[in-house]
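Below, subunit A partners subunit B and then partners subunit C, in two separate complexes.
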Partner chain A sequence: MNTMGKFVLERLLQLFLVVFFVATITFFLVRISPGDPATIMLKANNVPVSDESIDALRSELGLTNSVGGQYIEWIKQIFSGNWGTSFVSQKPVINELIARLPATLELAIAGLAIMLAITLFLGISSVIYQNRTLDKIGRVLALLGSAIPTFWLGFLSIYVCSVTLGWLPSMGRENWKNVILPASTLGLGLGAIHARVLRANLLDMLQQPFVKASKARGISKNRIFVFQLLKHALLPIVTMTGTSFAFMLGGSIIVETIFSWPGLGQYVIESINMRDYPVIQGYVIFASLLFLVIHMLVDGISILIDPRLNAE
Partner chain B sequence: MKKSYKHLINWFCMALCIIALVGCSTNKDGQSNSENKDTSAKTATLAFPWSPSGLDPHSGDSWEIMRSGTAETLIKLNEDLTPGPWLAKSWKQVNDTTWLFQLQENVTFHNGKALDAAAVMNSLQRAIDKNQGTKNLLKIRAMEVVSENELKIETTEINAALISNLANPGTIIVDVESLDNEVSYPAFTGAYAIKEFNLDESLIVKQYEGYWGEKTKLDEVTIKFIPDGITRLMALQSGDVDGATDISVDNIEVLEKGDRFDVLTAKSLRTHMVMYNMESPLFKQLAVRKAVDALIPRQEIVDSVMKGKGTSAVGPFSPVVPFGQVNKEQEELSIEQLMQQDGWRKNTDAMWEKDGTVFEATFLTFPQRPELTVMAEVIQSKLLEQGMKVNIRQVENIDDALVNEEWDLAMYSMLTAHTGSPYFFLEIFYKSNSSSNMNHFASQKVDSMINELHQITDTEKSTELAIQIQEEIEKAVPHSYVVYPDTVFAVNKELEGFKALPIEYYYNNANINRTY
Partner chain C sequence: MLLKLKQVNLSLLIGMGILFSIFLLGLFAPWIAPHDPLAVNLAARLHSPSWTYPFGTDHLGRCILSRIIHGIRISATSAFIIMFLTLLISIPIALLSGYIRGRSDHMMRRIIDSTLAIPDIVLTIGIVGLLGPGLINMIFAIVVVRWANSVRFIRSLVVKICQEDYIFSARMAGNSHYRILIRYVLPQIAMPILIYSALDLGKIVLNIAGLSFLGLGSQPPTPEWGAMLNDAKDYFQISPYVMIFPGLAIVLFVSACQLVSEKLEKYESAVGREI
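The block that comes next holds the complex of A and B.
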């Protein structure tokens, strides 16, 4: 087996173990957290419910079995490819997650695009205009991006762009305009922070001997910047972008709730409130898989950018 | 290098500006682009906080379906919560356990099928098979189709609340066969039919041309699901929606400032209350419960916390319903006399003390209704003024904490009369053996009175007994009823016919209209 084959096999084994471990921990954690799913579901409208109704629903949901028994049953299901059935909707968990994935994917891609645009624009321009106005603006934006809470930025953007100026829809997912505010809320802060990392890397690279050597060899400034400086400086940005994308794909819970965006984030919050155990467990498996797969991809891309990593 | 990249950056800035301008452009009427709809059709958009997980009327989503105006039940509750005809034109009690229902004629489901007794029977059978709660409410032993428009229902025992309970959304009448069709939406009988359902996002309903009653004034209504209260408010302010329910009292002032919105309020069927743990050493004795009850500044809470949008509570049921009109007797003894009755004495710090222990109680609240925590703080400060120390603790799940944790006082809130009958709440909340009786109130007399209430089908007698039961309960002060909060709605002034009602089932109705 070649090195790449070994690498993939090792990573797949790691992926399986991590997902299994995380899923098991989640299984027991949700069950020791306060709140009985049957009672919460029946009292969802704040009406009194009879003991008979609660007992019948608990039995129907399989909550009368011991936790150990429920765990064994769940493991059997998972290994047969069944992610369980949502307590609330009575539909397969996997279908429920897939139904909400396009909305989350749309928001994540738009958020990532805004984040990358800001990262590249601010990062590069702050090097070109080092210590001048654009660089200073970038510095302030990075500070604001890391200091402003997402929920505040979300509400502020709705207030300014929807309520006051009437430019953009405040919520929902009717057309492409609906994605602008939530995606900007997701991408602005991260983009400003990543831009500072890119700036620091670029400035560091400028001092490297290979840049001086390239200049001495008469290679054009543009070629040096794009094929040497940027290529090296982007390496940490790729890792950070991968993590951010996985975070956005997992469903940006706060942003989706504020903008009533019908994605995974809003759904998982509702499921946690309703103690919909199968959905919570399914979501955790899904999110763990997503993180791990994206990290594998990031590792692969990093190797492509810097082949020295392959040897390591 | 600087010169080489200046162009690139300039182009980038320009591209961003163009994208922003295209995205943010407004149309000639100054409306946002999301409002570009067919202007020939009369439409409205409403914002509700709840989002159904599906459209099965006999699942946990029945309330949301009912609120959309697409579905109907046999019985409709009037504004004073008395039962009135809907899909059932009339009904009569044949004997203690048998009822005969005469159905409306010329009713069709949204798929064109005629509604008859057999279809109603199938729908009710499915409702009780699928939902234990509905089964308990109706207590149906058997159903029989007497004729095309007559249905006989026999109950397992005397069920005085059967008629009111047939207004419960869990009993929505649906063409059962339509639920098996995965391509189309369920066929109900309401004035609106489902046009489009977007999971977690919106439900679009359109006028049902074949409706048996008064036709809707609007061609189409879009119901958007916006769980967050602030987003709901801003969606209304921005014009993305024309009306919104469950507006926080803190936001009323903002909406009333301009002349764009009407803020509508209705007495709700909810009661905010303080629960006493009758097994806690502090509140075992009636005198202490009476003292705390007398100290609760109900009117101050209505004025300051509820901003006037509520009524001081005197019993478990809102005065909207006939059985909610109870009289609360003024406590004759002073706080000092009551506390001393139970052996409490003021110490040198002016705090109440008994057998060397200072009065210190744990007061539970929960975050889902933030106003309850503020009320708890007001009560805490009043009690401290009188020498009683109270520690407020917020718990995530109040029902769980009331069963599994140590507590003395707890804020609680419940819809107490949503069925239009007093029986269900009294049975669940005050019967000694009920698990929902979480503060351990026990009275054999009250138990037998509640059993008796279950047997009475005469409304006047039942109301009279329900009031007597509440008076009997009040003698023990197991709870202090604090406020009956109002429900607050806000609508764009262009929208008329949106009526705030105590009952939450009929928000979207045929009378809503848009005035251009």
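The block that comes next holds the complex of A and C.
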């Protein structure tokens, strides 16, 4: 357990460093960006812009302090959980972000489920039917999966499934039907790519001595496949799922925009268009935190599955 | 063996041929494109493909084919600029970091790990979002995000090569560090970098298209593939051609990059084995 404690401590330190790093980047980006935050904030709230109102707001926001002072204040605020208030809604940024997290998580998990289903199906069947039609289809799909832009796939799926066939809704988040198209858009391509990785992994394992030994002991092929190979393939699948989760969170920005899905991604794009700086800054920090926490979980689970990893 | 090499060469030629034709099309766009890419013709909006408009027209009646051809200039040129800038930054850093090792290398790795710990699309969108949408800011953002990956890859190559015996002998023969890096290390890593960059070029094009699609890259009315798809957002349900052709252009370009990268790798390993 001692090693586990060390693992957690090390990761927490990394978390701290990355949040510090991201907070620093976002702070200086706002400094070098064109436009004065106070003016933007006044405009966003339809307050007439005058010299007095700008000056008043500037001192209220602490913009009159030195850059160094502002920076230290900003870092303090980030670590105490006060991420500023949105120019547009006047509510704390962190509350706004947390309010939209469930929708994004729902989309990401649904996308992950579709990805895993495709990965497992295509990966396993292309090993069983190696070099046959299904295997070749899998290869083509993987190539397409890495060449087709997510947003184009989204358009195509809307055109085919909602416009032409009228099967599925293409907008909003009302019931379970709404999640199918955006989640497939996120999961399809990655599923096909990962199926090839799983295939290579399984083929590699088929060459291992333990498979030969099992065969020699007269264990049936199916049994070997299900009880031994898949057990060994669990670790790469877990790692894959973890890294894909991060991909889903990133990809959700585009997919949420296409499908009008009310999550974090759509919110940040709206905020960029409104020049709502605190929200954009908060989003980058929030998403990085989320990403790191997921990676920590995945690494922890991997170590639980295969304790040898910790020794390395 | 020779037959296999021929097959590899053929695919490589096809991939390079596609890329080369795309660049020629972009270079001679004003002479090849049938219409002015910015000419608005409201009488002919959202037309299906016809002899006058081979790929149809968009919501303002602009010729989609002409816009795609002119779009090469923006999409491909910015992709090349990004690739070039990334290599310009990452090759020297990787060479020094991987050759000198020690404390500076350790620091560099910390910085790279921190950069890579942030999901790249989030960081890109954060940078463009805070600096303001536009082509230049987008290029800056993508370079900032991509350099770390590139340094990590090149550094691993350098570290591996610096453990070879001939580097030691070169050093013992009295070559300066600078000379070793330029004459002995750089030529060895040139080919892997080329393979990596070919694949990267495709990813960059996807990246640019994605950002322009979100309205963060090149601004209307500039013809750019991702921006065209952004325009198509509200109209493709009426006329699917506004999204089909720009999307196909992206897929073709990216697939060609992948093909070239994959076949170069095979060619390299096949030739290497023969020697």
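Basically, the second predicted complex is superposed on the first by the 258 of 312 C-alpha atoms of A that agree within 3 Å, B and C clash if a C-alpha of one lies under 4 Å from a C-alpha of the other, contacts with A are read in each partner's own complex, and residues count from 1 in each chain.
What we mean here is this: a residue touches a chain if its C-beta (ideal position, glycine included) is under 8 Å from a C-beta of that chain, and two chains touch if they have at least 3 such contacts.
The structure presented is a predicted model; accordingly, all values stated were derived computationally and were not measured.
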Q) So, does A:Gln281 touch the first partner subunit B, the second partner subunit C, both, or neither? A) second
Q | Partner chain(s) touched by A:Val47 [first = subunit B, second = subunit C, both, neither] | A | first
Q.
Output check: A:Ala147 vs subunit B and subunit C. Expected answer is one of first, second, both, neither. What do you get?
A. second
Q. Hey, is it subunit B or subunit C that touches more of subunit A?
A. B
Q: Check whether A:Ile124 is in contact with subunit B, with subunit C, with both or with neither, and answer first, second, both or neither.
A: first
Q.
Output check: A:Thr257 vs subunit B and subunit C. Expected answer is one of first, second, both, neither. What do you get?
A. both
Q: Pick one for A:Met4: touches subunit B only (first), subunit C only (second), both, or neither.
A: neither
**Q.** First, second, both or neither for A:Val268, with subunit B first and subunit C second
**A.** second
Q) Is A:Phe155 in contact with subunit B, with subunit C, with both, or with neither (first, second, both, neither)? A) both
Q) Regarding the shared-chain residue A:Pro34, is it in contact with subunit B (first), subunit C (second), both, or neither? A) both
Q) For subunit A, what residues appear in both contact lists, the one with subunit B and the one with subunit C? A) 34-35, 155, 158-159, 163, 257-258
Q | Residues on subunit A engaged by subunit C in the complex (per definition of touch) | A | 14, 17-18, 21-22, 25-26, 29-30, 32-35, 143-144, 146-152, 155-156, 158-159, 163, 246-247, 249-251, 253-254, 257-258, 268-269, 271-273, 275, 277, 280-281, 283-284, 287-288, 291-292, 295
Q) If you look only at subunit A, which of its residues touch subunit B in the complex? A) 34-36, 39-54, 56-57, 60, 86, 88-91, 99-100, 117, 121, 124-125, 128-129, 155, 158-159, 161-163, 165-175, 177-178, 180, 221-222, 225, 257-260, 262, 266-267, 270
Q.
Quick check on the complex: what are the subunit C residues that touch subunit A?
A. 114-115, 117-123, 125-133, 202, 206, 209-210, 213-216, 226, 229, 232-233, 236-237, 240, 243, 247, 250-251, 254-255, 258
**Q.** Interfacial residue positions of subunit B with respect to subunit A in the complex
**A.** 1-2, 4-6, 9, 12, 16, 23-26, 30-34, 51, 53-54, 56, 59-60, 63, 132-133, 136, 198-202, 224-228, 230-231, 234-235, 237-240, 270, 395-397, 399-401, 404, 413-416, 418, 424-425, 427-429, 434-436, 504
